[in-house]
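What follows is a group of structures, each given as structure tokens.
Shared chain: subunit A. Partners: subunit B in the first complex, subunit C in the second.
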Partner chain A sequence: MYVETPMEINCNGNPMMLPGQATLVDVVREYNSNLDTLAVAVNHTIIPRSDWANYQLTEQDNVDIFTLVAGG
Partner chain B sequence: MLRADEYSRYSRHLLLENMDEHRQQALKHATVAIFGVGGLGHQVGAALIGAGIGNLLLIDDDNVELSNLPRQWLFDEASIGMAKVEAAKQRLQVLHSECRIKTFKTRVIDNQLSKHLLTCSIIIDCTDNVEGRLSINRFCYQYDLPLITAAASGFVSTVMPIKPGEPHGCYACLSASVSHHTNCTDMGIYSPVVAMAGQFQAMLALNYLTDIAPVQWGQLHRFDADTLTLRTFNVGRDPACHVCRDTHGN
Partner chain C sequence: MLTIANTTFRSRLLTGTGKFSRPDIMQAAIEASESQLVTLALKRVNNTAKQADPTLTILRSLPVTLLPNTSGAANVDEAIYAARLARELLGTSWLKLEIHPDQRYLLPDPIETLKAAEVLVKEGFHVLPYCSADPVLCRRLQDAGCAAVMPLGAPIGSNQGLRTIDFLRIIIEQATVPVIVDAGIGKPSDACAAMELGADAVLVNTAIATARDPANMAYAFARAVACGRQAFLAGTASQRSTADASSPITDFLGALS
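Up next, the complex of A and B:
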């Protein structure tokens, strides 16, 4: 029987354990349920929202989740 | 050649490593457009005119309100009710009488404004809403103009230099990475944060115009005053973007 190996990533500077096949959407949901306000970068590159569901994370990825602002 | 009074006026910049008379002259001959004369635009306007920019376009359709005064320091209580572009021009012209300042009380890029924008060396986006930023971004890609866009709300600010023709993503790509941007009416604005972001924009514009220091095009700089952190991220092209994809292929 295949057993998925968990992986550890870094999310906003803190270690986070995820299932081995986790995508970016899984991390963002874990972090905050309100996806609308959040932007996400993996290893310092912002990932388009349309790619989140298919973006496969790998061990020790650095994920940054943050808000974008619009005032001036 | 700089005049004697110009040597004196810009002496502290001229002492900088890499800065010289030719670069100072480049600023004098440059034309810069500032979209938005709010918290960001004040800082950009004052910093650029102080540094010796010869020609400024100020674009904004708002009038001065009391709630602007804590962070829009070119205005005073007597400015309330005036067109922002005119009140800012008056004050900037006092700071540097030789700078040629044109004002446009609009938020729409019509034919007349377009004609003036095409004379610019760089466009600085200091607007306060996503729609305005998207429109300016589209115009810059259409006419191959470098752009420095910034935003600030609450304790957070972002600054991003964008150069059409480079392989990075544009403001539309960045904007598509979230469904909702927070703004000043949601979260307020901490005055020093917006001031820092405006000065950051001005610095990048001066770097570009003088080549005194590099500009990392396509990088988003995000400052958070709550944690005192400055983070930098690459903005890649969104494959679905109709601005940078359609105007520059791939």
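Up next, the complex of A and C:
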């Protein structure tokens, strides 16, 4: 029987446990389901929105999720 | 019409979205301002609050071009990172480039700003740099391919008005790209004065957002900007150090003696 090994990543500076097969979109949905309000970088490389569903995360990846807010 | 990066705008009043007490008040103010270029800021998502900031959703429902800024960037690398993230998020090349490492006065770092502008222009961004009211720097930014320059009137949010007016005059005289006076504009008469001077546009945030009635203040700013522009086009009369009578000088008072 295949058992997924959980992995730990950092998301916006905080540790996060994920199933071993988690993709980037799984993480992003934890923050906001309205995906077109977000931009995402993994290890400071910006990942296009169209690639999130297929982007396989690996142990200790640093994920940063950004949005646009009020500002002058 | 104001033309920036081959895009024309009826309004010469750019507005910022910070400091409003409520999103609906911000929306009403932007609508009253008739602004067509509106700024917003990039931020890491808060990992506890599920409730998203509604600013982006509101702005997308309005007939405005979004102008993301790089506020918070302290150097070239951070600004470029922020710019690329904003472009990925919005699918737009518009960018207000801001690099101000000092939190007390929020004055823009001219060297980092110029370096970042050179890179971002090559990457196809329409770069509108927030910068010191330095005529030499503005020329360098213009030569680097910036779509406009945004010299400051006074520190961000200070409402002090056009403290840099003598340098703004030189910048306007020399510029071949639009000059947008940004920061420090505290009241509609400041905006009007900038436009009378020949500025192509102004950007206002704090003075509208923190007014007692933001929507009414936004309306007042829109009128002031249009008024100042009209005065500039009409050609303001020259100043003199002595009087120059507007009425005929007659000697009828002398006739009484």
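Here is the rule we go by: the second predicted complex is superposed on the first by the 67 of 72 C-alpha atoms of A that agree within 3 Å, B and C clash if a C-alpha of one lies under 4 Å from a C-alpha of the other, contacts with A are read in each partner's own complex, and residues count from 1 in each chain.
We adopt the following convention: a residue touches a chain if its C-beta (ideal position, glycine included) is under 8 Å from a C-beta of that chain, and two chains touch if they have at least 3 such contacts.
Because the structure is a prediction, the values reported are computed rather than measured.
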First (subunit B), second (subunit C), both or neither touched by A:L18: neither
Contacts of A:I9 with subunit B and subunit C, given as first, second, both or neither: neither
Partner chain in contact with A:Y31 - subunit B first, subunit C second, else both or neither: second
First (subunit B), second (subunit C), both or neither touched by A:H44: both
First, second, both or neither for A:G71, with subunit B first and subunit C second: both
Interface residues of subunit A shared between complexes with subunit B and subunit C: 37-39, 41, 44, 46, 48-49, 64, 66-72
Subunit C to subunit A touching residues, read off their complex: 16-20, 26, 39-45, 47, 50, 52-53, 55-57, 66, 68-69, 71, 81, 84-86, 88-90, 156-157, 203, 205-206
Complex interface listing, subunit B residues touching subunit A: 36, 38-41, 126-130, 133, 150-154, 156-158, 169, 173-185, 187, 189, 194, 220, 222, 231-236, 238-240
Subunit A - residues contacting subunit B, complex: 35-41, 44-50, 64, 66-72
Residues of subunit A defined as touching subunit C within the complex: 11-14, 31-32, 34, 37-39, 41, 44, 46, 48-49, 64-72
